[in-house]
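Next come the structures, one after another.
Two complexes, one shared chain (subunit A), two partners (subunit B, subunit C).
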Partner chain A sequence: MPVSPKQARTLKHRSWVAFLVIPPIVFMSLFVVYPILSAFAYAFYEWRGLARGEFVGLANFKEVLIGPIMGPVVWNAFLHNVYALVALMIIQNGGGFFLAWLLYKEPFGFRFHRVAVFVPVVLSTIIVGFLWKLFLNPNFGIVNQALFTVGLDSLAKPWLGDASTALGALILANAWHFVGFPTLVYLAGMQRIPSEIIEAARLDGTSEWQLLKNVIWPLVAPSTTILFTLLFIGAFNWFEIPYVMVGLDGSPYGTTDVLGLVFYRTAFGNQSASIQNFGQGSALATLLFLFIVVFASMLTLWLRRREIQF
Partner chain B sequence: MANVSIRNIRKSFGSVAIIKGVDVDIDDGEFVILVGPSGCGKSTLLRMIAGLEDITDGEIRIGPRVVNDVPPKDRDIAMVFQNYALYPHMTVADNMAFSLKLKGTPQAEKTKRVQDAAASLGLLPLLDRYPRQLSGGQRQRVAMGRAIVRDPQVFLFDEPLSNLDAKLRVQMRAEIKELHQRLKTTTVYVTHDQIEAMTMADKIVVMHDGIVEQIGAPLELYDRPANRFVAGFIGSPAMNFLDGVLTDGGLRLPSGAVLSLDGQPALPAGSKATYGVRPEHLQIVPAGTPGAIPAEVAVVEPTGSDTTVIAKAEGGNLTIVVRDRVALRPGEAVALQPVARQVHLFDERGQRVAGL
Partner chain C sequence: MRGLTMNLTRRMLMGVAMGGYLLSAGAAMAKTELTFWSWRQEDKAFYQDVIKKFQEKEPDISVKFETYAPENYQTILSTALAAGRGPDVIQARAYGNLEAIATPGYLLALDKQNVPELANFPDSALAAETLRSDGKVYAVPFAMQAQLVVYNKKILKDAGLNLPKTWDELIALCQALKAKNINPFSNGTATAWQNETIVGGLLSSMIGKQFEADIVSGKANFTDPRFVNALAKLKEVSQYFAPNFTGVDYPSSQQLFVAGRAAMFAGGSYEVANFKSQNPTLDLGVFPAPVLKAGDEALIATYYDGGYAVNAKTEKKDAAVKFVRFLATPEYGTAFTNTLKNLSPIKGIKIEDPITQDVAKLADHSMSYLMLVHFRYQEPSGSVLLQSNVQKMLAGQQTPEQAAAEINKGIATYYKPFQK
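Right after this comes the complex of A and B.
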């Protein structure tokens, strides 16, 4: 049957679309979808090292959630992730909001500060973790040295070795590392507000605080939702900073243990105890993945409803 | 309500002078319009009255009080912006009540004032809506409502109708004027549209390049413009200008034609001068009429109520507005006869020549 010019054009167009779409689909399937599905499948088997054993159904999930050995460790780590989320929401995102407000007011040298506040974000997390480990070193770290210098010797402590301060120190290091990101997002949000709205608010009689609370904050609130979503994902995937600064065991005494470390230890083992349980590790990874996907999707849907038109 | 006094106001951004010494007196309850082309400094002057721009030099008083260093919120003024500047996250009612909320006004009074203002502007059915759910005209009305609720001493309007379509602009123009007649609050209104200025103002301040060119009632500016700039800016279509040399009893054009003048100009014969005549003060007469300007019809624009004719004459195009319907065709030879007693004369520096 002869092909009409229109049909030929359609065929050409479809071939072009296929040429563009198929390679990324194959790539994603091989390197993203397949590993996720594999991990999901691994979780239903017993593993001996890297050798797959019997199908065990939901036993691995049960052990991870309520098992006598894994259960307490996982929930302890989960609690630390929640602490990190709450603390980072306040320190990192809240701090970012106030830094953005300061930069928005264009103080002296604001161009320099705008860059300076973002520089740590582009540093490698490994470098930041190592840097802060040095800063917090009980003997020669600059934090304790500074306290000694101003005569506050009593406040100096082994920050990463003390159970009461270790998690806080990790959270602060993470906040220092990433605070530039929410700052930039909030600053962009603030700069999007038409200047007349700010002027109208000033004429209406707002104080600086009222302007921030009643006008600026509600108008940049949609940025908060996306930042919260990203922070939520980041907080429950938290791994690099704790790993570099306190090691795989979440020392001291598991006070800095987070789900990322538990997963790594369970799936791949650690130096001190070469116990490795691929099935439980996969079960934990799957649960974590589902938890993050469900909450992040809900947050995203919520975000879309709150967008503001100027 | 209060009078506003602006004394020798100057404004510079770095080394660039935007406003170069402006004096304006605005009486209590007066509707004053600052008009001028883009970049003339009219909006900057308004923003200085509002306190949104620092004053480089000079003095602004609202009532008896010098407000140079008084923050905007303490000046007892309300401003309506060109792009409405409504709070997008608040309902119409909340937008209007915001200033009262900040002042801690009791709920009952707050509600009453918002309801009264909304009723006067036809906003009652819209009180629960958000700005994004309103049309441009409704948004502008809410912005006005927000200003009215505050019951300020002075209303400031910064090109409030520029974002509206032509029909709505005419409607809102009448509404703002009616509002002023009802409230009698001192109003300073900025526009670049001289029709708005002519139709709404008690007094017009024509600004150009950072200075005041003329202050006066609309018809005073129209009938007796102080200089060539005002003459060309006020009136639509704009005044026609013809350059020539003064002779005894008239103005000689380069071609040798002499246009008659009604009166004795205070300028010696032989001086260069510009003859100004408004489009409605040029009559179309048969070609060859003595004392008339020979011309050729270029464009005929009937608007229904009147007809605008653009004709080619020596020194450029001349615009004529006639009330009657005319049967002219492009290319037709005509002559244009100025109404001598309605003619304006400007000297070489563009200043009005007395004596006409």
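Right after this comes the complex of A and C.
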């Protein structure tokens, strides 16, 4: 049967679509879906080193969530992740919003500042971590030196060695590193707002604060949604900054422990202290993955509905 | 015509294949290349030299030395082994970390038949490379390490002060140094595992061999006064650590000592070579943990770093075993000790370096580096517990009694004798 030109076109179109779609699907299945599923499967076995042992059902999940040894460690770390999320939401995203507002008003030198605020984001997290570790060194770090110079000796502390300041120091280092990202997203969001709306508000005689609170903030809600979702994911996957600055143990004595560190220690072992348990590590990774997927999706849906269209 | 070419091609191919087979068999006789993995990038020159010496004896075997970053080594190695690959010869760690790769059967069991040179080692060294479940040795040990006190001879001499034998003398020495505005110790506790090395270096004589024996036999546990009192002494001496020691991490404490800004460093014998390489003008010495009262036995805490193992799945087993046997000879042990300034456990080696000689002499009076040797097989490991609880105690957040009780409670979750 001869192929009509129309059929030929559809065929050509279809093979073109297939050509575009199949490679990414194969790639994703191989490098994303398969590892996730296998990690999920690993979590149901007992492991001796990296050799798979017996099928143990939900025992690993149980140990990770409510076991006498792993349970307290995991929940302690989870709590720190929650702190990090809340604190970064205020400092990093909130700070980004105000920085964006300042840049939006195009003050003197705003082009320079627009770049400057984004530069740390481009730096490697490892470099930022080491840099801040040096800054916070109790004896020669720039932070304590600065405090000595201005006569605030009593405020100087071994920041990363003090249980009351270590986690806060990590959060601030992280905020310094990434604040440029929310700034840029909010700035783009603000620049999208039609200028008539702002002019109209100004004509009505709103104060700067009212303008920010009642006009700008609601209108950049889509940016908030995306930033909050990303921060949520980032805060629960937090690893690099704590790893570089306080080590795998969440020093001092677990006060900076986060789930990423617990996962790494459990799955791969900590050379200078502990041994690996791949099954429990996989169980923790699976739970963390499910938690992030479920909550991030719910959050996005909920926040999306609150956005205002214009 | 076409048939002819086909035929010819086929014949040629067969010839080539045949020749190739013969050649490869010949080549296998002539040259076997072993791969050898390690985490010791800094020892590369030494190992290359060793390989050259080995090849003088075994010209048919060549060895390719490859290194990975220490913090990722175990992960990379166990992943490769799990995938059925990995190197022919493996630099492996000891104790619990050895078990992680030996238990699944990735390593070739060694005995006096296939490696007669095992007779060159003391039992405690072989024990470090023995799998507890089957009692077989899986690696040729390479280095003994000790936790002790390293000191700067010049600082003590200039200050006119003597080495302390007892704990009271140590405290007096610290006070005298402090009065002269010298940091007694450069140690800091911000890096968790440093807390364990400090305990080993400073408290071993007070904890004592008998305590170790009692722990192993189950007669005592960690709430024992010998252990609790030693922790209390550590709390006392911590005021002489680096300024703001709770925030001083491992590299900073090393730097402080290397720069000659502190008199002592409680830690590993492996630090000496490292300190010297960073500042060759340093004149260093070592002494054991101070004793509680004069006449007690002064001890250092010793353990074995790791060993050289053979991949059980290697196709070049004979060559790999030959290489590992070479790494078990006194000739190798002597080169290892003198070049790397790390003490090889092989009997009958000749030590040139005076500090290594001192360490070897001190090792005659030693106890185990307790948590690594006995309690790093299960979670929560004794090391995790000791590190975090001592860190917390030294930060003033718990008493020595509380720290000891926490350590005991953690280990009791799996160690039967403590569950009584």
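The rule is simple: the second predicted complex is superposed on the first by the 303 of 310 C-alpha atoms of A that agree within 3 Å, B and C clash if a C-alpha of one lies under 4 Å from a C-alpha of the other, contacts with A are read in each partner's own complex, and residues count from 1 in each chain.
The rule is simple: contacts are C-beta pairs under 8 Å (C-beta built on N, C-alpha and C of every residue); 3 or more make two chains touch, one makes a residue touch a chain.
Since the model is a prediction, treat every value here as computed from it, not as a measurement.
Clash-free side-by-side placement of subunit B and subunit C is the outcome of superposition onto subunit A.
When both complexes are overlaid on chain A, the residue A:Leu160 reaches subunit C alone and has no touch with subunit B. Of the two partner chains, neither subunit B nor subunit C is touched by A:Phe19. When the two complexes are overlaid on their common chain A, residue A:Arg202 makes contact with subunit B while staying clear of subunit C. Within the superposed three-chain model, A:Val215 lies in touch with subunit B and out of touch with subunit C [touch as defined at top].
Shared-chain residue A:Pro194: touches subunit B; no touch with subunit C. Of all C-alpha pairs spanning subunit B and subunit C in the superposed arrangement, the closest lie 50 Å apart. Across the two superposed structures, the residue set of subunit A contacted by subunit B and also by subunit C is empty. By the touch criterion stated above, subunit C contacts subunit A in their complex at residues 70-71, 73-75, 78-79, 81-82, 93, 96-97, 99-101, 103-106, 188-193, 196, 242-249, 252, 376-381, 383-384, 387-389, 391-392, 395, 397, 410, 413. If you check the complex, the residues on subunit A that touch subunit C are 48-51, 68-70, 133, 136-139, 157-163, 246-247, 249, 251-254, 268-277. Note for the complex: subunit A touches subunit B at residues 194, 196-197, 199-206, 210, 214-215, 218-219, 221, 308-310. Residues 50-52, 71-73, 77-79, 81-83, 85-89, 98-99, 102-103, 132, 146, 150 of subunit B are the ones that touch subunit A when the two sit in their complex.
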